[in-house]
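Chain nomenclature is as follows: A, B, C, D and E, assigned in order of appearance, with residue numbering initiated at 1 for each chain independently.
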Amino acid sequence: MTAAVQTKRPAWMGWALVALAFAMAAALDLRLVPVLAIWVGGWVVNALIAQRSAARWGGYIIPVIFGVTLLLMWEVGERLFEISDVLLPAPSEIAARFWLSRDILWVDFVQTVIKGALSGFVMGCGAAFLLAVVIDRFPFLQLGLLPVGNFVAALPIVGMAPILVMWFGFDWQSKAAVVVVMVFFPMLVNTVQGLQSSDAMQRDLMRTYAAGYWQTLLKLRLPAAMPFIFNGLKIASTLALIGAIVAEFFGSPIKGMGFRISTSVGQLALDLVWAEIVVAATVGSAFYGGIALLERVVTFWHPSQRGRT
Amino acid sequence: MRSIIPVLTVVAAIMALWYAAAVPMNAPWAYDVAKRADIELTFTDLVAATWSQDKPKLPAPHQVGVELWETTVQKNITSKRSLVYHAWITLSATLLGFGMGTVLGIMLAVGIVYNRVMDMSVMPWVIASQTIPILALAPMIIVVLNAVGISGLLPKAVISMYLSFFPVVVGMVKGLRSPEVMQLDQMHTWNASASQTFWKLRLPASMPYLFTSLKVAMAASLVGAIVGELPTGAISGLGARLLAGSYYGQTIQIWSALVMAAALAAVMVALIGLIQRIVLKRMGMAT
Amino acid sequence: ADDVTLQLKWVTQAQFAGYYVALDKGFYEEEDLNVTIKPGGPDIAPVQVLLGGGADVMVDWLPSALAAREKGAPIVNIAQPFNKSGLMLTCLKEHNINAPEDFPGHTLGTWFFGNEIPLLSWMGKLGYETDGSEGGVTIQKINFNVDPLLQKQVECATTMTYNEYWQVIDAGLTPDDLVVFKYEDEGISTLEDGLYTTEENLADPEMTDKLVRFVRASMKGWKYAEENPDEAAEIVLENDQTGAQTEKHQKRMMGEIAKLTAGGDGTLDEAAFDRSAEITMEGGMITKAPEGAWTHDITDKALN
Amino acid sequence: MTDLKDGGLKDAGNPAVTGGAVISAKDLDLTFQTNDGPVHALKGVSLDIEKGDFVSFIGPSGCGKTTFLRCMADLEQPTGGSITVNGVSAAEARAARAYGYVFQAAGLYPWRTIGGNISLPLEIMGYSKTEQRARVARVLELVELAGFENKFPWQLSGGMQQRASIARALGFDADILLMDEPFGALDEIVRDHLNEQLLKLWARTEKTIAFVTHSIPEAVYLSTKIVVMSPRPGRITDVIDSPLPKDRPLDIRETPEFLEVAHRVREGLRAGHGDD
Amino acid sequence: MTDLKDGGLKDAGNPAVTGGAVISAKDLDLTFQTNDGPVHALKGVSLDIEKGDFVSFIGPSGCGKTTFLRCMADLEQPTGGSITVNGVSAAEARAARAYGYVFQAAGLYPWRTIGGNISLPLEIMGYSKTEQRARVARVLELVELAGFENKFPWQLSGGMQQRASIARALGFDADILLMDEPFGALDEIVRDHLNEQLLKLWARTEKTIAFVTHSIPEAVYLSTKIVVMSPRPGRITDVIDSPLPKDRPLDIRETPEFLEVAHRVREGLRAGHGDD
């Protein structure tokens, strides 16, 4: 329905634009032409798929093609422009390094993701959730704690991390602490807002049943809060990983993704740096995706989940 | 206004906790010093000692307060030793990055909402981009921009932008899609053009989402500017203060830079909140 | 005037006094140079800046420069103002570490970024494992300050004679509370702050000429700094844009730095180079002896 | 339905009923403080509802019908006067679960199925699982939604949702039913059917019902007593006792008595509108 | 109102009208594909609406009334059959802004005042500022909302919002009005008043009106033609031409002719319900 609102521009206009872009690229630097060609190619393929299929698989294949397009541009550009490996390695080199350093990457993954990020995520979100329930019960706390909380949340992590490393030592505990600090307030704010999001009539209904506090919490407020809680969890999931990695920049045992990235930069082993970045991005996206999936299951009833696929 | 008393109570409670925590955290050092000087510490001595160390593990609130006072009020604001001067450096990168991030975020969101291919291809990569540790990328960004002759404010702003466009994209995609089917159908019955639908329906409908994400983006942008100040070398700005404080073990200096940064963020976010209230009020959407 | 950009390895401090003095006293100007000095930081690899075109010359330590060269970065040492190493390991006396034999079972903190190499070579020489296993030591990555030592998170920490050591002293400890091992004394020292540029620059006569003038003026700056340490420290303070440095600390640092540059004229000592390269190789940072990693061309022209 | 009445809580609010009215409002005032001055939603409202009465409230939009019902349900605190329910205060009656309330909008919980929504009050009041299942099935039957038990609210049309919300209020044994425009979203045929069902239920169980509607025929068809209200300030302008017999087939609506009462209500309403 | 008709876009959709029906549906099918199988919202629906007709659609919930109206408005694409509006396709008619549409819910934009909401389509269609102001004032008068121009939607009661939404559809000169239960949220008195006004407007401007309602009396009172629909699949079961004169005072509703037509409609409806 809504798609029909968009008026169709004639196709030749698009092609004219593409031709113009090529002309400009060629004028600037001939090497830009193949790079641009890859971009246009990927785009056209995706446009075709998008038109053909409202089907589910389009949703998976299109971002992949998009990503492959970007990687190809990178690879070809890297070779054509002869960029030094010390500045930016090519995707193929990164892939090779990834394969050769599997064991290192695995050790780092366990140290940073499992020990640091995951434990911090669970503790931070759990504590924030519990505090949110308490705050929700006592409006006084809510009025007082939330503004102060917002202030604390604004403390830049790069400043907090060294302090927390000083307090909690070099191992994963301090990484978890950084993650706890990072995820705590997004989660708290979202949960508090969620617990208040049941509408007046839904609450009145509970009153007519003379339902107790816990019954109302369990049967009304928590289910109603779920979309917000998941918003918080999603934000927290990307923050957790970044937090754990960043914290390792400020002191760590000699393993961990942040450790590896910072030392490898010093050794100009940029391929290993990028291999770690690939791990971080993959794990982060998977973590985010997992929570989004869970959200879809738990809050199936929410309009945002019903409306769009 | 009615929240003043609760806020003060909470602040007082935090201060009390802070003072209390400073004692055990700084005690080992105090004992060390005492042992080397061969004196016994009474409890009051201990408390006094833990609240007045030069390089405490956790500085007492008044130490941070004094440092803040000395580096803001008592220094000429153009002096390199003035925290206001450094805050201004950071703020200018923050604002530039925030502006660029907002524009980029809105443009991406419009593309995602209006273009099916972008909708399906860009979003997962935008999410992935945010899972990359910025601290690892920042030096590369700085170096690359340096190589093409860009230095100073802009590289920091680019990092700010990198962090701040994300909340804007997410919020605006949600906001631009927030009009109900019926409202879109109405536009359809009037045969409104795509741009009329955008300006008269989607954009106004997205305002509440925009402002919420702008607040998040502003905080992210500040973090970006600070991160961007680390690898450019400790030149100036709050990030440089943090760094320099860290190299010379000046805990109090770190804390005062931290508090300044948080205050900066709080002020900017409050400012956005004010604009939000004015705009939404004029749009009749104030709550 | 010709533009030259210098990338430092670290933040503005008396460690780089020579360059700031040359700038401030107009030595560069006399050579018809317009020099920009870029301070460094923890996350910046000067090599990247150099190769990226952000700088023409950089200050670096030899081990990390050799490692970069082996990684494919065509960088060459053109002058070596520091002829002694300021690196040392500082331990708290209370942990009873009085000689290298006492290391096993203890935790040693070091900076990474290539700075761990001499320590690892040393441990290798002593025959200690560095993974915390029985009979070995635990190596801990620490941030660029002495907090971990003071907070007792490590028992020994890497320090520089001119900087971190004095931070320990400033924190209230006395030299009597400390045991120090100077790398120079242990025979495992590597060359520190040298000037490097790219092979590409060296192939360009115009650029070489600029570099010659740059090195000449810089060395003049260094000698001036050695002779007038307090004034040099003042100049450094003026150029510090963070406003975080203190006069006391910089003056003391300048005094120590002068000891490291004393007696040298900027010409690289081949023997010292070979020893440093060997230690770097033992540490595993490079796999084969470097070739063409230094040249006397510039210093020869500059100093005659 | 009669057997439902033997369930748990029936006697809770009953002690004083024999003495007088089930719901008794005396000189009720309710003023909302808003930013542009006070709104007098109710002013000097007095009304007695006897056990077994079926009372309809009718009046222009904003005359305080909903507000009055909410006062009975202890969802709103009157600013003056008094109200008793089952002889005790409204708050006590609520705590004793003396009434079922049907809101103006359906207000189903979207995360529960229709069946889950109907069993919600039963869970809260501690009915056993089997009892819950039996009751859900029975009331779904009553509102003609059998077979939709496992659908979610948004999978139903507006009218069906409204019926589910009615079923929810009928599931447990309250002697009092407070219904705020329950049939607003329904088409005439379904509405007629539900009107009939409601009358039957009422006759069988002797519940006391307070019922808000915009439809004059509906008010006349259902009620033993019709309360006409008028806005600014919200007050009762007329109370009409219906002369119609308790047994009412649908075609009673074409009898002269019926039309006569309807006419009187319409006149009362029109007078209220004229006030503006 | 007549002078409005001289405004800009009147002729846009007129070319073929003289030839035949203003709206003509032939064998219209519309099937929604949903996750639990296809829903036949419309099946084999044929209907001609002549210029100046007032056609009411009545039928149980879910029988396809809204869907049919949406097909006329080119908001839904039929999966079979054909529909023409003003002799051209529905899409072309929409592009020519041939109709005004009142949705089942008010759907006002919360960030615009009532006046701003009514002038929104006028802005989109490019009317001048002064013309906009004049028209807004006129239609506000018509729905009795003069003085509320600068209020925001949420400052109005549900009924007032509904009236504002009607005013919005009347602001520009469409010859066709498509109205989906426009008076659902109003009480009887206001509803009667608006019914009268709508009839007057229709008589004066000779618009063609398609009108969905749940109320049998309303359908009979307003229409020249009553279309009874039935669900699963959605189809037309009866088309009743009204014998009532064009001039209809409110009390025509008590005449035997009126009751006779109403009875026929009710029978048709009941038959549709029986189908389930």
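We adopt the following convention: a residue touches a chain if its C-beta (ideal position, glycine included) is under 8 Å from a C-beta of that chain, and two chains touch if they have at least 3 such contacts.
These are the chains along with the protein names UniProt gives them: A, B = ABC transporter permease; D, E = ABC transporter ATP-binding protein.
Since the structure is predicted, the reported quantities are computational estimates derived from the model, not experimental observations.
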Original post:
How many hops, at fewest, get you from chain B to chain D via touching chains?
Top reply: 2
Original post:
If you count the contact pairs for each chain pair, which pair has the most?
Top reply: A-B
Original post:
What chain lies closest to the overall centre, CA atoms only?
Top reply: A
Subject >> Whole-Å gap between the CA centroids of chain A and chain D >> reply: 50
Subject >> Inter-centroid spacing, chain D versus chain C (mean Cα positions, whole Å) >> reply: 86
Original post:
What is the distance in Å between the mean C-alpha positions of chain A and chain B?
Top reply: 18
**OP:** Please compute the C-alpha centroid of chain A, do the same for chain C, then give the distance between them in whole Å.
**Re:** 39
Subject >> Overlap residues in chain C, where contacts from two or more other chains coincide >> reply: 43, 45, 48, 52, 143, 147, 151
Subject >> Shared-contact residues (touching 2 or more other chains) in chain A >> reply: 1, 87, 162, 166, 249, 262, 265
Original post:
Residue numbers in chain E touching 2 or more other chains?
Top reply: 75
**OP:** Sort out for me which residues of chain A touch chain C in the complex.
**Re:** 84-87, 162, 165-166, 169-170, 249-254, 259, 262-263, 265-269
Original post:
Can you list the residues on chain E that touch chain D in the complex?
Top reply: 59-62, 157-159, 184, 186-190, 214-216, 266, 269-270, 273
Original post:
Taking the complex as given, what residues does chain C use to touch chain A?
Top reply: 43, 45, 47-48, 51-52, 64, 67-68, 71-73, 112-114, 139-143, 147-148, 151, 153, 285
Original post:
Inside the complex, what are the residues of chain B that reach chain C?
Top reply: 28-29, 33, 36, 54-55, 57, 79-82, 85-86, 135, 138-140, 142-144, 146-147, 151, 230-236, 240-241, 243-250, 253
**OP:** Flag every residue of chain B that touches chain A in the complex, lowest number first.
**Re:** 2-3, 5-11, 14, 25, 57-58, 114, 116-117, 120-125, 127-137, 139-140, 143-144, 147, 174, 177, 181, 184-185, 187-188, 192-194, 197, 219, 222-223, 226-227, 230, 238-239, 242, 246, 251, 254-255, 257-258, 261-263, 265-266, 269
